[in-house]
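For reference, chains read A, B, C, D, E and F in written order, and residue numbers begin at 1 within each chain.
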Amino acid sequence: MLKVPFLPRNWTNSTENFDEADCVMVGLPYDGTCSYRPGARFGPELIRIASYGLESYSPIQERDLDDVKFYDAGEIEFQLGNREDSLQKIETAAEETLLHNKKWLGVGGEHLVTFPAIKAYSKKYPELYVIHFDAHADVREDYIEEKLSHACVMRRISEIITPDNLIQIGIRSGTQEEFEWMKENNTIAKTQEEFKERLKFPENKPVFLSVDLDVLDPSLMSGTGTPEPGGMTYNELMSWLMLLKNLNIVGADVVELSPHYDQSGVSTVTAAKVIREVLLLMN
Amino acid sequence: MLKVPFLPRNWTNSTENFDEADCVMVGLPYDGTCSYRPGARFGPELIRIASYGLESYSPIQERDLDDVKFYDAGEIEFQLGNREDSLQKIETAAEETLLHNKKWLGVGGEHLVTFPAIKAYSKKYPELYVIHFDAHADVREDYIEEKLSHACVMRRISEIITPDNLIQIGIRSGTQEEFEWMKENNTIAKTQEEFKERLKFPENKPVFLSVDLDVLDPSLMSGTGTPEPGGMTYNELMSWLMLLKNLNIVGADVVELSPHYDQSGVSTVTAAKVIREVLLLMN
Amino acid sequence: MLKVPFLPRNWTNSTENFDEADCVMVGLPYDGTCSYRPGARFGPELIRIASYGLESYSPIQERDLDDVKFYDAGEIEFQLGNREDSLQKIETAAEETLLHNKKWLGVGGEHLVTFPAIKAYSKKYPELYVIHFDAHADVREDYIEEKLSHACVMRRISEIITPDNLIQIGIRSGTQEEFEWMKENNTIAKTQEEFKERLKFPENKPVFLSVDLDVLDPSLMSGTGTPEPGGMTYNELMSWLMLLKNLNIVGADVVELSPHYDQSGVSTVTAAKVIREVLLLMN
Amino acid sequence: MLKVPFLPRNWTNSTENFDEADCVMVGLPYDGTCSYRPGARFGPELIRIASYGLESYSPIQERDLDDVKFYDAGEIEFQLGNREDSLQKIETAAEETLLHNKKWLGVGGEHLVTFPAIKAYSKKYPELYVIHFDAHADVREDYIEEKLSHACVMRRISEIITPDNLIQIGIRSGTQEEFEWMKENNTIAKTQEEFKERLKFPENKPVFLSVDLDVLDPSLMSGTGTPEPGGMTYNELMSWLMLLKNLNIVGADVVELSPHYDQSGVSTVTAAKVIREVLLLMN
Amino acid sequence: MLKVPFLPRNWTNSTENFDEADCVMVGLPYDGTCSYRPGARFGPELIRIASYGLESYSPIQERDLDDVKFYDAGEIEFQLGNREDSLQKIETAAEETLLHNKKWLGVGGEHLVTFPAIKAYSKKYPELYVIHFDAHADVREDYIEEKLSHACVMRRISEIITPDNLIQIGIRSGTQEEFEWMKENNTIAKTQEEFKERLKFPENKPVFLSVDLDVLDPSLMSGTGTPEPGGMTYNELMSWLMLLKNLNIVGADVVELSPHYDQSGVSTVTAAKVIREVLLLMN
Amino acid sequence: MLKVPFLPRNWTNSTENFDEADCVMVGLPYDGTCSYRPGARFGPELIRIASYGLESYSPIQERDLDDVKFYDAGEIEFQLGNREDSLQKIETAAEETLLHNKKWLGVGGEHLVTFPAIKAYSKKYPELYVIHFDAHADVREDYIEEKLSHACVMRRISEIITPDNLIQIGIRSGTQEEFEWMKENNTIAKTQEEFKERLKFPENKPVFLSVDLDVLDPSLMSGTGTPEPGGMTYNELMSWLMLLKNLNIVGADVVELSPHYDQSGVSTVTAAKVIREVLLLMN
């Protein structure tokens, strides 16, 4: 090999050593059920490149990525048109990650990728809680006659973990039926007070954190498939996430960056910075 | 005709039946007096396309577009360089709409299109109030020696309805003279308290609501001719609009989307969502 | 209805009268098997808007769109994730079109949409010829284990019409196997001389013309999913198309505009102009 | 003033001394009759900025801008909505330029700006020839009932100079009537052979050169109001312009750059380079 | 010269008379040490163009640019690759400005341009305070072994004015060492209360105001080299700036607009508007 | 590690085995002397991503990347502001590559990166020929008093290899002095005939091929720092490159992609495809 220094190729500040890692970052370039503006398949690799523009230190958490051992596994290779095979690969990878006693950090890709991860997690953690940040309810019974779509993903997940274990934040778009379902099942936390109330579940219960980046306002996060004005600022998202500080976060994902709608690069940088904070939060 | 299902071509959730409609949406692709960045002429058709990415349900108003009967008439055909003819066509169309006992919802196009609508409305409703959301005062006596410009539109309208019946929200740009005029005539409501005070006019007075989309901050609404930082967030606009809930809104327009400055598509989606809320508010 | 003139909503110069039309333009907003940059689903509606920037007169053919009777049926409504259902709808619509003794003009959408049209056509025209303009061979046996992908569409079609009836123009990208297949089956015409030779089939044989817009160089046609430098100029494409003047073109499609990669709007205008020329050529 | 070196603010290599100049460059930021995509008003100032990225030396003409004395007068201040006043200002400025025995080089702005320049020129040069490079015929009798539009400008000019003195190059779009008019009046030169034939007018006749940048293919010149595929490459335009080398060019303009449709900046650079060549050609 | 009115070429509402000016605006198109996305060199000229879209009146300060006498000197000519020479030119120009008893308003370019200005200022004002708005701490001891980088500029400045005289606002990104340094040296003011406390220095002390535009959130200010989500809104920045109203501001700069990342033009307009407010604040 | 298939992270079809490689691809993200629009530093990583959209088979050369053994070493880590150190690292890496008896394929970055590679090569190959494709002469004696700039790189190289061993193709921009120098030294080959003549040097002489992507017309290659209209089409570049088929190409580089000016992604795809052809040509 050549001896001059080369730039790293994995996520900034990740470890090259799988064994010493506590967390495995897995790129999930899948967007096969996207209903509006596709392209989330390009998210993981462009977020990785943007990670090199980040500082490793988080002034909010007063911690540095160097304090965390995470391994960047790269992107899973999917057959884009084959949803079943794609979901199976994600489930398998998440299972393997858990078998190695490491935490999963999925980087989407569309939101459907959370479903197979939860399937894997629920086997190990039958009492899993899922905390879901999103602009969209994603609790349709089906979407255009299809039950496995990114528009239904949280409904499917609620069938695994029960609606009682699902907490939804930031939801500002959905059908009347979805809003009724969320009300009936009390899954939404509209204020931080409500959220803190919902978080009073027995200590150390395992939590999976799923962040759909469109929870952020599209003024910042234009690079997403279904932009929905009225979202959080970055600082608002941070203040919600900081409420999770003492939870037992056993896995997470950050999804739905569609970088081709991010002409200025700002959404992609933001995605990388959210992931930095999630990494620090869960490790 | 062919029997496979085809996508609708009119605004999402609009009715195909003119007679049953309570409200007529009319596209006004006119931008002939635009002083800075033109292109509002392309607004109506691109907002219509974006309307198909919207949910029909508004969680803020807890109502669905399906509860409203509105007809999408399409875009009026203008001779772009001929201002007088263009304004006359708008006035005629608004008069006809009123004759059918339906409400007018104009989709701009530049702000000057509000003037002929108000001319038509003031004949039927001599005591009309106009509530005006905008970044710009638009109350110049004239603009570069011209009295019929989008920079003068609210001054012209005040001459019809009297300044007493004009309420202006969100204004953050204008000449010294304009700010003095607004102060003297007490047209601006700076806070929601002031606004509620101004809204204490006799019950059931007819109100025309005119929303220049640049009242929103250009971080969200880059797609406009004269972007002006310091504007409202989407949620702030909604909280102002919700104060109009019990008013007798007899007509409205939403203007100044210039979609070629909206590279990410976010402004156009936002315009469509504002229109959804206005439709629900006025019907 | 209102009496002021409104802009037409269908393709420029199309007829509103289905019965009098000789040709039916059908939008096919499907891009479910797109392997690289998706978004062709947005093609048909944006091409329609761009059609209003066109002159109706073609100086190359010295004919005017007003001389042609075509009906714009709008866009078929697909369940995006459901390929089989989508293909079935296209086949049904094409069959119906033929039953009405009208010609089909599909506007894609991705190239896979040609397959169901050819299935319909081959029943009525067992000796159908297909003339295929494209950058890509699209004759893979399968693509990532999938036989019904836009990368395989011409191979599937060749199985219906036989390779003898397939003529491919402009191909500059493919696997070694694809180039070998095309050579063995003599489907490529590299020069206009070769093309004229291939066109010497019995007079009046029915021809289906399928134009993948990426046959044009991406300097002009950036708005496509898989840009491939080294393509034709617009004038070169025209000179090839003019060789078809005396053929019996019974159907056609123009596919693979992906307008979100067309920041300047030039590709979309070009797509509309190609369609104008195809309309004049086939009617 | 400050003594450190400051960057020049006028066109690269222009002279600061009006009196010593042989040629006056005048920016004409007018686009009031633009029928499709407006914004040519921003052309002159952005071309000036791009001029600093140019080499001053032309390898085609083997001459340097330093060999030419031209003065950059800046942009005329128009009232955008006031067409008559705008045209009058251009005519006055062109007359003054001629009174100073200098040559006019207009930088558009839309093509209508050529008309008042020709009015001024025709008084001094009753036998003026106009050589017109354009994608569009611009010889409509009127456009949407309007006789003074950029779509009619060459028809109006032909009424001043007679069609015999008009030579049109590159035309590839127009109505049937326009193509018939051009044929009848023999204004088009389709090939360089035809062009050379048309140039055989009596020696030293005064020539005004008007270049609409959309004569170039929109692959290069996306930044224009009405892009028309099928145009010239830059080198083709140069080879036509070089045929004018021995003519007595007494004035010129370069028009219709609409820089907001030039996301990459390439069209604006090209406009500046065309102007460099025109400057060298006419001086 | 020609007599028709020409548009001004200097900053809107600037004076052409150097002698009568109280303030000199100097463009500093330098970005040689930019570590991530370069292009700030194009800032000054594009901000100048955008200044013509501004109103001259500030409703926040209730003053008009016409009340201020400032001279637009243009852009200094740098040898981009030669940092020492570039910094020397800025220092010389700032010294000259001070010799003329005028105030310096630098328009960047990258943030390193503040350093030579402070060198010049500190000679005349040994007790200079620097108020620094920025997303980034810029107080690294060195950056990739380099001490004169935009990432170190405030550290170098603190060595001139002492950390006691440095007040930093809006900082949300840096290394752990930088945050520790700022804490130790008490340079950060996190809240307006802290800021007011820090501003209680002896009356009339000279203040230099340095605004890195990335202190604004990248939703508005995408056009910058190192976008950092979590920043101020425009109105928040204004409310901080208004706290400086009674200070003795003797110089200022506004830096780091990188206009090629500002596809919609909104960041550039915002930069111009910030400069309008700074001009009114310091004069 | 995880067992599901992951996407490769190195250039498409590259080998993971350094030892078996005949050629080493080295990313050179340096753009420190760029005089106009910077950003070439982002070229190598974005070209790598685009390589996955390529077919591995070249129909022009009738060979497949699988037939070539090349190793993707990644990007050298530079201190951007430190030109000397950056150039030294490149020279060292090139020397090492040669020591391993492998061929160097540099991926720029700006054109100055060719200089240190040639320094390394000239030691091993004292009779090295350099074939240089470019829009710009790059043979200035110095550029703004600087001798080591991308505008001088070929002059510096000619001082190492002698002008006799330099062949320049596609040059269409430069100063008068540069064109005179090239003429005197007979370095330009304007036609393929001239080129073939120049290639008649003794057989098997070692050749270094340096392709500045701006040799292509900016209609295709907008993503470059100094776009220059009048360039080659992709197919023209290929026809020139194919003339090198039987030469002994011992090293190469492909430089000056500036991807932030490539909004549509087409230039980046083209860069990847040019590299595919160069890889096949030299191995």
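Just so it is clear, contacts are C-beta pairs under 8 Å (C-beta built on N, C-alpha and C of every residue); 3 or more make two chains touch, one makes a residue touch a chain.
Everything numeric in this text was worked out from a predicted model, so none of it was measured.
The pairing of chain B with chain C is characterised as same-residue: of all residue numbers used at this interface, over half are used by both copies. Placing every chain at the mean of its C-alpha atoms, the farthest one from chain E is found to be C. In terms of their C-alpha centroids, the spacing between chain B and chain D amounts to 39 Å. Looking at chain E, one finds that residues 37, 217, 219-220, 261, 263 touch two or more other chains.
By the definition of touch given earlier, these chain pairs are in contact: A-B, A-C, A-E, A-F, B-C, B-D, B-E, C-D, C-F, D-E, D-F, E-F. Residues 1-7, 9, 18, 24, 26-27, 29, 45-46, 49, 73-77, 89, 92-93, 96-97, 263 of chain F are the ones that touch chain A when the two sit in their complex.
Touching chain D in their complex are the following residues of chain C: 53, 55-57, 59, 62, 64, 217, 219-220, 233-235, 238, 263-266, 269-270, 273.
On chain B, the positions that touch chain D within their shared complex are 31-35, 37-39, 41, 79-83, 144-146, 149, 260-261.
Interface residues of chain F facing chain D in the complex, by the touch rule stated above, are 36-37, 171-176, 179, 217-220, 222-223, 226-230, 261-263.
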